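So, here come the structures, one by one.
In the two complexes below, subunit A is the common chain; its partner is subunit B in one and subunit C in the other.
For the complex of A and B:
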């Protein structure tokens, strides 16, 4: 059976027990400070010191570092190289490679931009690792997000792996009837055609049935929805949210004031 | 006044030329367990959708006549109000999983969340419904990791937990083994005895004969026959119209032609057949 599409890891940590909205605000604060704070070293400190500490606090350090090494660092390195080589600023050349060169300014610019991206992706990664998607959605629904919107997000996460499995079944069925799916690029591309029809039209038919099924269970009922799981929202959460809001305002304020 | 009342209901889907339901008149009493059978294209599923309010509120199309459940008219109601009274579970269990929940327990609670049942009551009701259909051990599994039969039980439980006054089931046991089928029929019978009205589309005639109060044979959008299970299921008309019938009925009918079956009534179940062939005046002794 295919796994569900969720990064969430069930652990018992301070970060797991925070309200999803607080965590979402924390992510936003990290991103905004990394991009807006007027001090050059802010994104670097966040990326190298704060984010790893946060992942350890959330007891997802191992998972975070493995994602960072396999995904975030290569992407950031690539971004750094592109910007460092092609940013047409500065005079003082510190590295040359045929027609490509890096200046002091483009190096610093590219480095801090790469770090900002690291902070952004890392913050989201830790958020996803410590937050169950349905918990996030029920919390946001409780705070006024339309139920339909939350449903679309959550069901997509669940239904994608199912569609993947179905695509596999269709491919196997077509192969058993003699369709060649291996070989060169064009052969493989051609093999996709008999897959797309059944998959797409089949899914459209399913949508109707699923709509009936959830409607039969009161999905559009005008009652105020309740939630099976109680989602924690403590006074610590509220305090933390005020603090984070203040931080966001401060970094915006500083930016405007110093520029 | 019957609990469910169809008066001259004729219905046509938006893109079809001929009506799917033709002039249907139907009365069901409260707490009655009705089985509906019929060949493909007889309008069984459409009848279910009409009972559950999806015809015409969801599918649109042209409808005439009047559908009433519990004294309320479908035409004067909205779908979201209607489903509080009428629960629907249909054939394909995979498409009945909401997709919004990660465990079976949450899946069953989905409907209760939607209609705003308080948390403690919700947990009790989900527990109770799962115990009833015998799926307590599946509570923490992902609904997508279950077999077809298990998913069908989850779909049935998800509707039962909402405690509808009228339960509409469209082939709820199609992917189940005989044991599962027997259990589902048992649960449905129990609900009917507790006052829930049940309309169930089903092909498994032996189980219908054993559990249902009344059978409606639907053909080409019209009610062909209705009555006590044994009268309808043994009627000569059914095999002529392409209905699946019990093998025991077929055997006994052949035996009757050769003078070997001497009872008045043809059997539907194995038990009735054995009894008929062996009892006094039966044909089994020679």
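For the complex of A and C:
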């Protein structure tokens, strides 16, 4: 169980040195192009060619491919199968299995849709692999994001693994007292209360103490806060951001123009 | 408007939100482990919405799905508007006094479920073409095979699946609030919204009656939609 929920891997690469906002915009550009560009092959090229290259550029290729195989590919395959079988479009049947059938149209539709999801998820995966969450948050706070939002994101990432560990402890403890978590429906439904009760009440009693603690550290203070870490924002970053914005506008424009 | 939104947020709200997000995700995972046919992944959202107000609830919902999507299951990401409106609607219902006794809470759950069904329909249709990666899509697929239009099929599926889940969620949230010490509840922005009225044991039976009635109405309306 990691101490904090973070995929970040500390390496020294061009992608790691980019400003977090630039990387966020890059992710957004990839997703929007995949969903909006009017050419059928756009998401496929992005998913198969561009994103793997990006991961190698960021020196996180190995981690990216292992995530892709473990998480992204199974999810995309499942989505593809569901849509290919159940989309009621098209006439020309190319595959039949009892009452299930795949038509040419549903196959193509499902394939491009799965690829879009792959682009969306892998773009975010690379972003998370190369960006530390606190780096992103302090950069965004410097640009005017209220500090409270940064607090919520960062502390959620800290609390979540703790909460999951606590849930695991409670499940084991209640099982050792004879609580049945398997078996009939009513038994399983009955196990819900002794499992989530301690978890929820246990975490809610902390709220007041935490509130007093962060209040004492100037949480609601209106003054501008200084930061220990300076996050670089070079002219390359600015140039890249203009370029990405132009790409987004272009794909929206092409979409409207060609449809 | 802006001041009203601000009124939802005091320090205790900001501290509660991360914990509520973690509760959403952790309880959602416990429910998967128990193999129950519900999600129960918005208990924390409803808690925040009721104790702090609709905007705080909406923020909690949206952030839950964004963080869930980025850190655990990417398929949760596109659904953040649904969670946003679940939080918002639960907060509004509490504002209108519908979080003070068991049967009112059941009504809140039902209204929240309707909202969720309405908001999730366009997302399912535009992003997934109607068939999502969740198990309830088998119902959608079945309805599509019987010749339903895609919008009808997706909406009816939401209408079938959501009420049970959201009524249970609202009732668990209410039970949690009943169990919290008064002093803790008093620290949040809207403690007056959860002052319990009535309080007799019979309330619970009335609540069960209301739930059955709502489900019957739902079934009736659904037949109307499917027939038309």
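Brief remarks on what is shown
Quick note on the criterion: the second predicted complex is superposed on the first by the 222 of 259 C-alpha atoms of A that agree within 3 Å, B and C clash if a C-alpha of one lies under 4 Å from a C-alpha of the other, contacts with A are read in each partner's own complex, and residues count from 1 in each chain.
The criterion applied here is as follows: contacts are C-beta pairs under 8 Å (C-beta built on N, C-alpha and C of every residue); 3 or more make two chains touch, one makes a residue touch a chain.
This structure is a prediction, so every number in the text was calculated from the model and none was measured.
When the two complexes are superposed, the chain touching more residues of subunit A, out of subunit B and subunit C, is C.
Within the superposed three-chain model, A:134 lies in touch with subunit B and out of touch with subunit C [touch as defined at top]. When both complexes are overlaid on chain A, the residue A:27 reaches neither subunit B nor subunit C. By the touch criterion defined above, A:216 lies against subunit B but remains apart from subunit C after alignment on the C-alpha atoms of chain A. In the superposition on chain A, A:18 makes contact with neither subunit B nor subunit C. When both complexes are overlaid on chain A, the residue A:227 reaches subunit B alone and has no touch with subunit C. Residue contacts after overlaying the shared chain place A:120 against subunit C, while subunit B stays out of touching range.
In the overlay built on the shared chain, the residue A:83 is in contact with subunit C alone; subunit B does not reach it.
Put simply, subunit A uses residues 151, 155, 158-159, 162, 206, 210-211, 214-215, 219-220 to touch subunit B in one complex and subunit C in the other. On the subunit A side of its complex with subunit C, the touching residues are 5, 71-72, 75, 78-79, 82-83, 85-88, 109, 113, 117, 120-121, 124, 128, 148, 151-153, 155-160, 162-164, 166-167, 171, 181, 185, 188-189, 191-192, 195-197, 199-201, 203-208, 210-211, 214-215, 219-220.
Chain contact summary for the complex, subunit B toward subunit A: residues 49, 52, 54, 58, 79-80, 83-84, 87-90, 92, 94-102, 105-106, 109-119, 122-123, 126, 142, 144-145, 155, 158-159, 162. Against subunit A, in their complex, subunit C makes its touches with residues 9, 11-12, 14-19, 21-23, 25-27, 29-31, 33-36, 43, 59, 63, 67, 69-71, 73-75, 77, 128-133, 137, 140-141, 144-145, 172, 176, 179-180, 184, 187. For subunit A in complex with subunit B, the residues that touch the partner chain are 1, 4, 6, 132, 134, 147, 150-151, 154-155, 158-159, 161-162, 206, 209-230.
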